[in-house]
Amino acid sequence: MILRIDKLAIDLPKPKNPSPNSAAAIQELLGGKYGEMSTLMNYTFQSFNFRGRDKLKPYYDLIANIAAEEYSHIELVSYAINLLLSGSTTRGTDPTATPLGSAVDARNSYHFIASGQTALPVDSMGNPWTGANVFSSGNLKLDLIHNFFLECGARANKIRAYEMVEGPTARTMVGYLLVRGGTHVVAYARAIEKLTGADLTKLFPIPDISNKKFPEARALEEQGLHQIQFIWSPEDFRSISEIWNGPHPEDGSELRVEEAIPAGFTPPNLPEEPQLTAPGVDPEFIREVARRISR
Amino acid sequence: MILRIDKLAIDLPKPKNPSPNSAAAIQELLGGKYGEMSTLMNYTFQSFNFRGRDKLKPYYDLIANIAAEEYSHIELVSYAINLLLSGSTTRGTDPTATPLGSAVDARNSYHFIASGQTALPVDSMGNPWTGANVFSSGNLKLDLIHNFFLECGARANKIRAYEMVEGPTARTMVGYLLVRGGTHVVAYARAIEKLTGADLTKLFPIPDISNKKFPEARALEEQGLHQIQFIWSPEDFRSISEIWNGPHPEDGSELRVEEAIPAGFTPPNLPEEPQLTAPGVDPEFIREVARRISR
Amino acid sequence: MILRIDKLAIDLPKPKNPSPNSAAAIQELLGGKYGEMSTLMNYTFQSFNFRGRDKLKPYYDLIANIAAEEYSHIELVSYAINLLLSGSTTRGTDPTATPLGSAVDARNSYHFIASGQTALPVDSMGNPWTGANVFSSGNLKLDLIHNFFLECGARANKIRAYEMVEGPTARTMVGYLLVRGGTHVVAYARAIEKLTGADLTKLFPIPDISNKKFPEARALEEQGLHQIQFIWSPEDFRSISEIWNGPHPEDGSELRVEEAIPAGFTPPNLPEEPQLTAPGVDPEFIREVARRISR
Amino acid sequence: MILRIDKLAIDLPKPKNPSPNSAAAIQELLGGKYGEMSTLMNYTFQSFNFRGRDKLKPYYDLIANIAAEEYSHIELVSYAINLLLSGSTTRGTDPTATPLGSAVDARNSYHFIASGQTALPVDSMGNPWTGANVFSSGNLKLDLIHNFFLECGARANKIRAYEMVEGPTARTMVGYLLVRGGTHVVAYARAIEKLTGADLTKLFPIPDISNKKFPEARALEEQGLHQIQFIWSPEDFRSISEIWNGPHPEDGSELRVEEAIPAGFTPPNLPEEPQLTAPGVDPEFIREVARRISR
Amino acid sequence: MILRIDKLAIDLPKPKNPSPNSAAAIQELLGGKYGEMSTLMNYTFQSFNFRGRDKLKPYYDLIANIAAEEYSHIELVSYAINLLLSGSTTRGTDPTATPLGSAVDARNSYHFIASGQTALPVDSMGNPWTGANVFSSGNLKLDLIHNFFLECGARANKIRAYEMVEGPTARTMVGYLLVRGGTHVVAYARAIEKLTGADLTKLFPIPDISNKKFPEARALEEQGLHQIQFIWSPEDFRSISEIWNGPHPEDGSELRVEEAIPAGFTPPNLPEEPQLTAPGVDPEFIREVARRISR
Amino acid sequence: MILRIDKLAIDLPKPKNPSPNSAAAIQELLGGKYGEMSTLMNYTFQSFNFRGRDKLKPYYDLIANIAAEEYSHIELVSYAINLLLSGSTTRGTDPTATPLGSAVDARNSYHFIASGQTALPVDSMGNPWTGANVFSSGNLKLDLIHNFFLECGARANKIRAYEMVEGPTARTMVGYLLVRGGTHVVAYARAIEKLTGADLTKLFPIPDISNKKFPEARALEEQGLHQIQFIWSPEDFRSISEIWNGPHPEDGSELRVEEAIPAGFTPPNLPEEPQLTAPGVDPEFIREVARRISR
């Protein structure tokens, strides 16, 4: 079971200009094979499916707890996409004015036909996320190696998305994900080390470019955000501290568990787009509905 | 963001006998077009994508809150599948004994090759869940009608799954989902009524067979579980009470909001399946790992 | 069985200029999840699969009859796409002149590689239509609710396509489909009302923008086209009049059955595109073939 | 545009016993890559997309006319599947009796979960038909060669389906399709000959087993059914006689055009399956609906 | 088993300018339904699956030998794509400079996110190649007709790709493939003739435009390259000469077998793209790795 | 370019009894996500796409050389499937005898409808292999980690396939693949170590069960087959010895390069299946064809 908290992990700046093609590219971080839907669902199913958890509880706790954090990542990427799309066509209520004219040349037409200029669980080519992306073999060592690889693949995609898209909305989001995803790479490396004794330290970073090269990530790492695993549960998952400890493989700082989650920020109120009938066309109708419900 | 609570919504009985083909059928309720992955992801994305939520907050809260409950449903279906699969092949560590011999005739070979006799985000034919199942048009009226239809389709599948699979594991789970899913059908009907004035009461039940015909569901409805929307958040989503009120369309009992979630039950510890190397082959190795980590 | 009549339901104007990206967008109305392939195939299969039709004949007739009309809609959308694509590359027989050079930047490359600048059963992102779009549960109430929702989703897509694409070819076609699809929304609403007693009138229009806001649709509604169900069969399906009657939910005008189909118009003769070898390269060869066959 | 005639091309016998796995196999002839959905949609789109039809009318007419016949084939295969599935689970209204218990082991679970024991546009493994199966290059010669190959592939599948499934329902249907599909193989061979002069006679039959080896097909060929192209239009497509003429490549009998379609037979009334809520659960409710509508 | 020779069949010129959208279009020839992955895999599987090869060895040899040549074709198309993509973004190691900025508008974002500006087994819309493209019925006549059609479809795509993309890289490659693929069309036509006696000569060329119209192909045909089947094996497949003989159907020149393969050319060394971390970011690191390994 | 050698790497024993469901399971090792099509195509594309190979030649050589070996693995798995399917239905030429009757209950109907009881590039559920399984990021470290993981995943699947299927055909094949695939796991681990200095020795074996537990694999390892990388090229790829050296991580024996490939065995002549028209129906026709061609 989950409790949902209506906050975003960070304060997402609004873009100066909407940019549908940037939004289309960022979709890879949401619905791509190495996007946040994949990390969320891989760890969620691995936690449901964990065999022998009585004996291996710290591993179960680690996977389940990271799964919970990934929810906040699909949320963040979705909101970044939504902000990049808001205002990207002509607001208004007259269909004959061709208000969606520019959408004909946009890279992801689903943003304008299937959704109301908002995120969908698809990748940068508009292909839907699929359950075939979930790996859950049941063999703990193999699942951990998978997860380590998955996080590295995800990191590579984040780096490339950063390099494709300018502006504070995307980059603040990607910078944060580089840091937090970075803690997941380290967490799975630590888990593999605890399980087998193999030391993966020399592999870092993968690909071979440090988070410090990304100003938005560097700023967060200077605050120590790369050293922390939050505990995303009021009472459970405490035993991750048996795995998440020791020095960070890149800068040697001490890994530590925080028995709380980030304070968070109120998600942006997405503006109405009447030309998309989202949430409706007629402002009077919406006012009327609002009135009616509060009676 | 979410907080995860390591509990199942109900106490799932263990099956007398494992049943791989029953597990394969139940997958439809997890990864099918009308399964719980679909309800979870539809409402989750609709909540991220909601435009004009400042004016229409009760609708936003309703969708976001139901999304949160759906997480507990993918969890329940997954555990039911896992219980039906545990022990379905011959436990042991000698591969030459053909311990997975029976799997050759099972309907879902992924349960034995891709997973360790556990759930996957696929449907009853093994086809993966896809993001194409998410509808998020941005038009509130249309999204609500979609959700109403989706819940009715999901209900039809639950009824058929119940009729396919005997035994307490599946039926306890399906009985619970019939009741809780039933509250979602009513919730979307109420939301449509509040938004437009149209009264959908006479449509119930869809399909035309009452939950009362399913003993496990009837027992729960006698306790009033069909009258309640839980609030799946420590502080948010309270305004659903502006929509979730009035008489239940089937039995006229009073709909009410409960500012809490179910107490829940500790999920079953899934037994080891060494022939699947899940979580590993050698019990000594697992003991050793357990020892090592607790140092 | 069907009889095919080599006519289009309306007289499609030729575009002033070809527009490949407009054609790519319009594909959503053909091969998209809510496109005409979906309405055609949903109702066609539901009619084949109808159980108990002896007792519920008007419902069977309604679904079967609307299915037949949908054929004329896939035809219309296909021809609109074909007209938008004709002439969009450089006509000629010399491949070294890079006659398809502009296609490299077009949104749907299949139009130039797989087809000869003509329609394909794919959506606006080039993803193929799939049989997974067909819903046929066998439960009449549920199938009707599905169909009602499907038509509303289709209407939303038509509205957005209209807003994306200027010019008389697309808009004449979309205007007509808004009116005719509108009669299908009403028909399924009426069928639900007849079946259950629930009155869906207050839901209209979905999304909340009237057909009257679209000049091409308004002109047709002023002629009463939104009040009519044609009968797409020489002898069958007459009992739809038991469902299709009463006032139109939006303007109160009287619904009526017409025991005929539209007169129709000769489809445009699509010009040759020799650079695509469509239908061939050499005009002399084509003349020769024409001569030979008429011997 | 089409007119639909509520008749089946042949009189389909009811099976002695239902057979879900036979129905699952027969699905290949409906929704498989070489099934009737493919022939229907290939020729339909090729006819919409035909360039230069003023000069090449007999070819256009041939493709369009065969497309129209294919509709009667998807209808026939669907009804055969429906007959094989009817009665395959336990009729009744008590879900606790596990009326669908046997479906857990059936090869196509969609028949029991997604549909009401009826046909779906999927193949023998339950994979959906896809628009990617449509070939429409615009080059007449290439499209004809494709169609010739497609019909040969379809013939191979029919032969194998015949060999897999006993009983009069499937075999009457397949026997008819072997004969009628056989006329399409010949038609495309003739069209290629008329277009290019190449004589394909020696290729027949493909695969190398004659229709005469199939008693149900032989009986129909003895009546000359393999010599006829029907004209599936009240007024159009007459020029096919410029292609469809000369001797049959297998038995030398004279090919001839019939300006009519088969008389046809009333489709079977599919029995109610209350355990699938198809069309509903309660017979009283259905009676009541029937009464209400006739008011 | 295979032996791999690290050479390309031809000397691929480098493009004057990179062109991502041209590369995207050329992908159709690699991963499209009628691309080289399809020809490679169709013939490879048909050769593994060939029944009765003791009696029909020349047919087996022909299919197996052509399969081997197709490997050199996926190689060539891949390198052409790689050359068109190299240098298409800004080389450098500073991610904040938005080095991949232009990729946001490119037609195939996978080239920049999933690969390092290199080829992938996808088509011109980015959809992955699928095993569903493999036809292997086991009936020799039908498989040969399929292969003949497949090669014709592939030829049509090559012609269109040529017409879409200017510049020597693509056109040298396509010109070569037109000639070599042309020998495969003839080979399957000859095999059909040998098997059945049917003469397909009059069908050529398909589509109806000669290779001679493509300067790069014409130059190679003037050297006789269209008359040759190479033998892609040190010792096997010699019996193809029983099929590959007689006059070429287009120009009457004599078909002949060459018991060798082309000499080939060293494949281009693809330049580093540090902004894609391909093969790494830091040139010093790469030098260091190179040093370390040679110790 | 490749040279194909018409030999199988090992001598595959024929099964005592055909077993279609075993064949269906073994398909996972061919067309599954972790099957041999995936290893073949991943390394093949990574070799085409390798950037900076002048500086990193041993890595390029290693990937390219392993790619070449994988071809012999798709061949072996395909032949194992073919042997398991041969004779699994009733041989004969009379279709009315329902010779394929048993296929109706088989798990993979494509084996009987699409192929002639032979292998297809699909997985154990009949889903086709897809190009989406290819990972080729261009970052050498990441690609190597991917390959290491892929081989571990492939090993897990081989173990499970071994445990599912009895009999010498499957087990001889899987035993060989366990050993040869094992050398690929070690090779990628060595490459990672050479590149980064990280020692992965303690991870072995993954999953945690030694090849020595599988008699067919143990026998081959006793001959030292796990210590060898063959060179699959007459002249290229020699520099792999700079990576493939040192002690084997599991038994400490010395890794060594062999500049040759296995001698190989003539592939089995697959028997005719006339009921599948494979390669044809009539033995006289086949004899006649054989005669004709040798003229």
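The first chain written gets the first letter, and so on, giving A, B, C, D, E and F; residue counts start at 1 in each chain.
Convention: a contact is a pair of C-beta atoms (placed from the backbone, for glycine too) under 8 Å apart; a residue touches a chain by one contact, two chains touch by 3 or more.
Not measured: the values here are computed from a predicted model.
Trainee: Which chains are in contact with both subunit C and subunit E?
Mentor: Joint contacts, listed by label: A, D.
Trainee: Please give the intersection of the contact partners of subunit C with those of subunit F.
Mentor: A, B, D, E
Trainee: From the C-alpha centres, identify the chain that is farthest from subunit E.
Mentor: B
Trainee: Rounded to the nearest 5 degrees, what angle rotates subunit B onto subunit E on CA?
Mentor: 180
Trainee: Would you kindly tell me how far, in whole Å, the mean C-alpha position of subunit F lies from that of subunit B?
Mentor: The computed centroid separation for subunit B versus subunit F comes out at 39 Å.
Trainee: State, to the nearest whole Å, the distance from the C-alpha centre of subunit D to the C-alpha centre of subunit E.
Mentor: 37
Trainee: Which subunit D residues reach two or more other chains?
Mentor: 33, 114, 125, 127, 132, 135, 137, 139, 141-142, 156, 207-208, 276-277, 280
Trainee: Think of each chain as a node with edges to the chains it touches; is that a line, ring, star, complete or other?
Mentor: Graph shape here is other: it fits none of the named patterns.
Trainee: On the basis of the stated criterion, which chains touch which? Give every pair.
Mentor: A-B, A-C, A-E, A-F, B-C, B-D, B-F, C-D, C-E, D-E, D-F, E-F
Trainee: For subunit C, which residues are in contact with subunit D within the complex?
Mentor: 1-9, 31, 37, 41, 44-45, 48-56, 58-59, 64-65, 67-68, 71-72, 74-75, 78-79, 82, 114-122, 128-132, 134-142, 194-195, 232-237, 242-243, 261-262, 264, 269-273, 276-280, 286-287, 289-290, 292-294
Trainee: Give the list of subunit F residues in touch with subunit B in this complex.
Mentor: Residue positions touching the partner: 19, 21-22, 24-25, 28, 32-33, 107, 124-125, 127, 156-157, 159-166, 207-209, 213-215.
Trainee: Which residues of subunit F touch subunit D in their complex?
Mentor: Residues 93-96, 98-101, 103-105, 108-110, 112-114, 125-127, 275-277, 280-282, 285 of subunit F touch subunit D in their complex.
Trainee: Residue numbers of subunit D touching subunit E in their complex, please.
Mentor: 33, 132, 135, 137, 139, 141-142, 145-146, 148-149, 152-153, 156, 192, 196-203, 206-208
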